[in-house]
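Both complexes shown next keep chain A, but they swap its partner, so chain B is in the first and chain C is in the second.
Entry: the complex of A and B
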């Protein structure tokens, strides 16, 4: 029982961080970033290169992953998404662009890093044991870091001037513009930040589950599920969605164990029923 | 002396449909000027042109001697023009305090911002008890006070108000009208007021322009316009 909850929290922390990045980009730019999973994968490979191959400290590798993805996010926003948003009235255009970016990154990652599953040496050794609870220390550290990043993100959004500006922009873009918020600049910052969060999670998890070029799509799907459960564009919703999915996965893997690999099948069915009843998710607003 | 704000022969189009065809408006420092007219006459388009939300196609907009058409909204706010948009448009999920602080986004003088916050809370005491409440949960009248306060947080020299009486209870309309007069008189903030409630607009303004399908149909001192037979028929609904 404790083990199931601990696993759920461990999964939930990383999922919530993934969902936060996705929801941030959606809230600020109205863009559904289908390439979020690929950004996660890229973050994993940067850590693999810097920490695994170049043998630099893990912190350096994590910073390198964050920086790489922030730059990638900024470049994508500035040269692709901004142009498309300006020229096209239709929301599908940015969705198609995001899907195109996802395929491009998939191909580029495969080309650069190959198709092999890659892992790195453990960041800390040992296992934490208490009663019937068994948790490797590196998982505890990764979950702790994920939660620390979530807290830092919330504090930034809540109490700093740029954070306030981004919240204002998500709630009413025109009104924010009238307050003097340079919305184009903050769109770029938000995109960079969202991509950076994806890269950070990828960089954390490569130390535990490893990374391969094929997992981008499935990660994106999970990210979308969390955002749909919690409600699109709402920070609290992303976090709730992340922890709920983590918990469901953990419970499902235990309870449904004897029926084979059906956890996600059950989760999908449950989610469809849930969305039929609450199409905006737990905390979502009926967006225009 | 040149007026504080002037629009000269401004033309504005939404796609290919004109919203303003050659509008000229002037506002002297310290004045309250009203723009009245029916829905779609172009009143809000004038404000959207001044704030830079929409680019004008022809003409010129000058504020305190400087051309501002072509500048982006953020730059125009910095020059001292604040706008209260139509439909209130508070940031609904943010606290009243954060909404007010957003009004001061373009300022970097922390002490001045604190002083402005005190002034605004003094002017609208009802906001004081609700600083932590989410703005979207307040009544329409309270939200209207909040957005006026939010605009004042920018410490503007020119305040643009777009339909402040829209969707507000009649009793609150009186409060809002009094606030606008007080802001103009006590703080010397010039006001450009767009209103469908022409009666209220003419009562609290010095001068007014009446718009009709994208151009100025009439203009003059508000006190004269109220008595004008055409204004009474077209804009005041005849019942005097």
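Entry: the complex of A and C
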């Protein structure tokens, strides 16, 4: 059982970081970023190129992945989403644009990096054993890094000026603008930050599970689920949703093992029942 | 409706029917491109499913879950035909009704969600349908159901109304007529629905659910009704598709299909009943044309899509809706 909980926490830390990026973009821009999974994949491939092929230190690779995705996010916001939000009459249009971007990134990643499953060498060797708990050190390190990123993100949102500005924007865009917050700029920053978080997780996880160009869509779906469980647009909700999904997955895979591959089916159905009772998730605001 | 406008509509319908049932088959016979029968049947069936999505748009919800109902309908028909030996013609309406019934059960809770939440949950629903098909014993898991017999003859009092499809030299031709006829029926039904009292109630719900509710519109009931009709169309489309392909797998309708159904509606224009038909035709043939570009197909397709959104974010035929106001 300890093993199951440890696995759940490890998964949850990754998932929470993915969900944070998605929820940040949603909170600031009201955009449902369909391309989040693809951004994750891109981050994974950047680390594969820099750490796996060019043999540079892992930290450098991770920074490269974060920088690439931040630039990509900023460019997408500046040249696509901002324009469409301004011109479109219905905010759903951005969803369509995001779906287009997701397809585009899918195709581009496939063309650039090929369809093979890619992995890199371990960042640290060895296995941590305690009682009947067995965890490879690299998983512990990756989970630790993920938690460190989450804490850093929360501290930034709480105590820095850009963080305060973005929280104000998420609460009420117009009021924030009236108070002198440059909303256009912080929209750009938020989008870049959200994309960066997706890239960071991709970069972290490539060392353990590897990456291939087809997993973007499924990752996006998982991210949507976490955000729905926790409530869209709320930082605490994203973290809670991530850990809950990680835990459910870990427990489900153990408990439902004998019934075949039904874990996700059960999770989906449980989530629908949960949403019927709490349509806005654990801590979400009412929407629409 | 004035007389001249009525005459105009009748003429338009006559032209449409003549084109679909006379001109296209004649053109195909003349050019010998019988493969087009299959392509056009696919367009017709996808248009039926997209029509369902359009109806959910009409009540103000973005439905990215139509693939789920196409899959459910396809499996319902396939199981009835292969396991229980039903005739395809009987299994078709039953598959549609089964989808409608199931969607009522699912719709009751999820239709309480709005905006992005509803979209996300319907997207997840597509995945639920796929996983269910993988897990249930009756659907035969990942191996799917294959070698489904083609639809047989319909005989009434000894008179053959529709000959069995196996008697045709080219089986795709009768399927084309079946799909085109179903598409015509479904869109005629949709048009009638939108112009009925129910359609006005749906439009009222789209503009403001609270306001409609305060006027005495039974919003929770009506949105389930709309969703059931939408899923019925999805199930019908899926069931005929399976009959053409003679096989169904859990991956027959995936999230990509669900997204495409939504795109068809957007492209064709949301304010126009026949929009999904146009959107499906354009998207399907656009995708087919790009096939020649090989590995760049998806890149170009999505690039064009992004450009379209930049230039025409409100859709090709967008008849503007009164804005609901930002929440």
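FYI, the second predicted complex is superposed on the first by the 287 of 288 C-alpha atoms of A that agree within 3 Å, B and C clash if a C-alpha of one lies under 4 Å from a C-alpha of the other, contacts with A are read in each partner's own complex, and residues count from 1 in each chain.
Methods note: a residue touches a chain if its C-beta (ideal position, glycine included) is under 8 Å from a C-beta of that chain, and two chains touch if they have at least 3 such contacts.
No experiment lies behind these values; they were computed from the predicted model shown.
By the document's definition of touching, neither partner reaches A:59: not chain B, not chain C.
When the two complexes are overlaid on their common chain A, residue A:172 makes contact with chain B while staying clear of chain C. Touch criterion met: A:276 reaches chain C, while chain B stays clear of it. Of the two partner chains placed by the overlay, only chain C lies in contact with A:95; chain B stays clear of it.
With both structures placed on the common chain, the touch criterion links A:260 to chain C but leaves chain B unconnected.
Looking at the superposition, the partner that touches the larger set of chain A residues, chain B or chain C, turns out to be C.
Overlap of the chain B and chain C contact sets on chain A: empty, with no shared residue. Of all residues in chain A, only 26, 32, 80, 83-84, 87-93, 95-97, 99-101, 103-104, 106-108, 110-111, 217, 221, 224-225, 227-228, 232, 260-262, 264-265, 268-269, 271-273, 275-276, 279-280, 287-288 touch chain C in the complex they form. Interface of chain A with chain B (complex): residues 161, 164-165, 167-168, 171-172, 174-182. Looking at the complex, you find that chain B touches chain A at residues 51, 53, 72-74, 77-78, 82-83, 85, 89-94, 98, 101-103, 105-106, 150, 154. Taken together, the chain C residues at the contact with chain A in this complex read 62, 106, 108-110, 112-117, 119-121, 123-125, 127-128, 131-132, 134-135, 255, 259, 262-263, 266, 295-299, 301-303, 305-306, 309-310, 313-314, 320-321, 323, 326-327.
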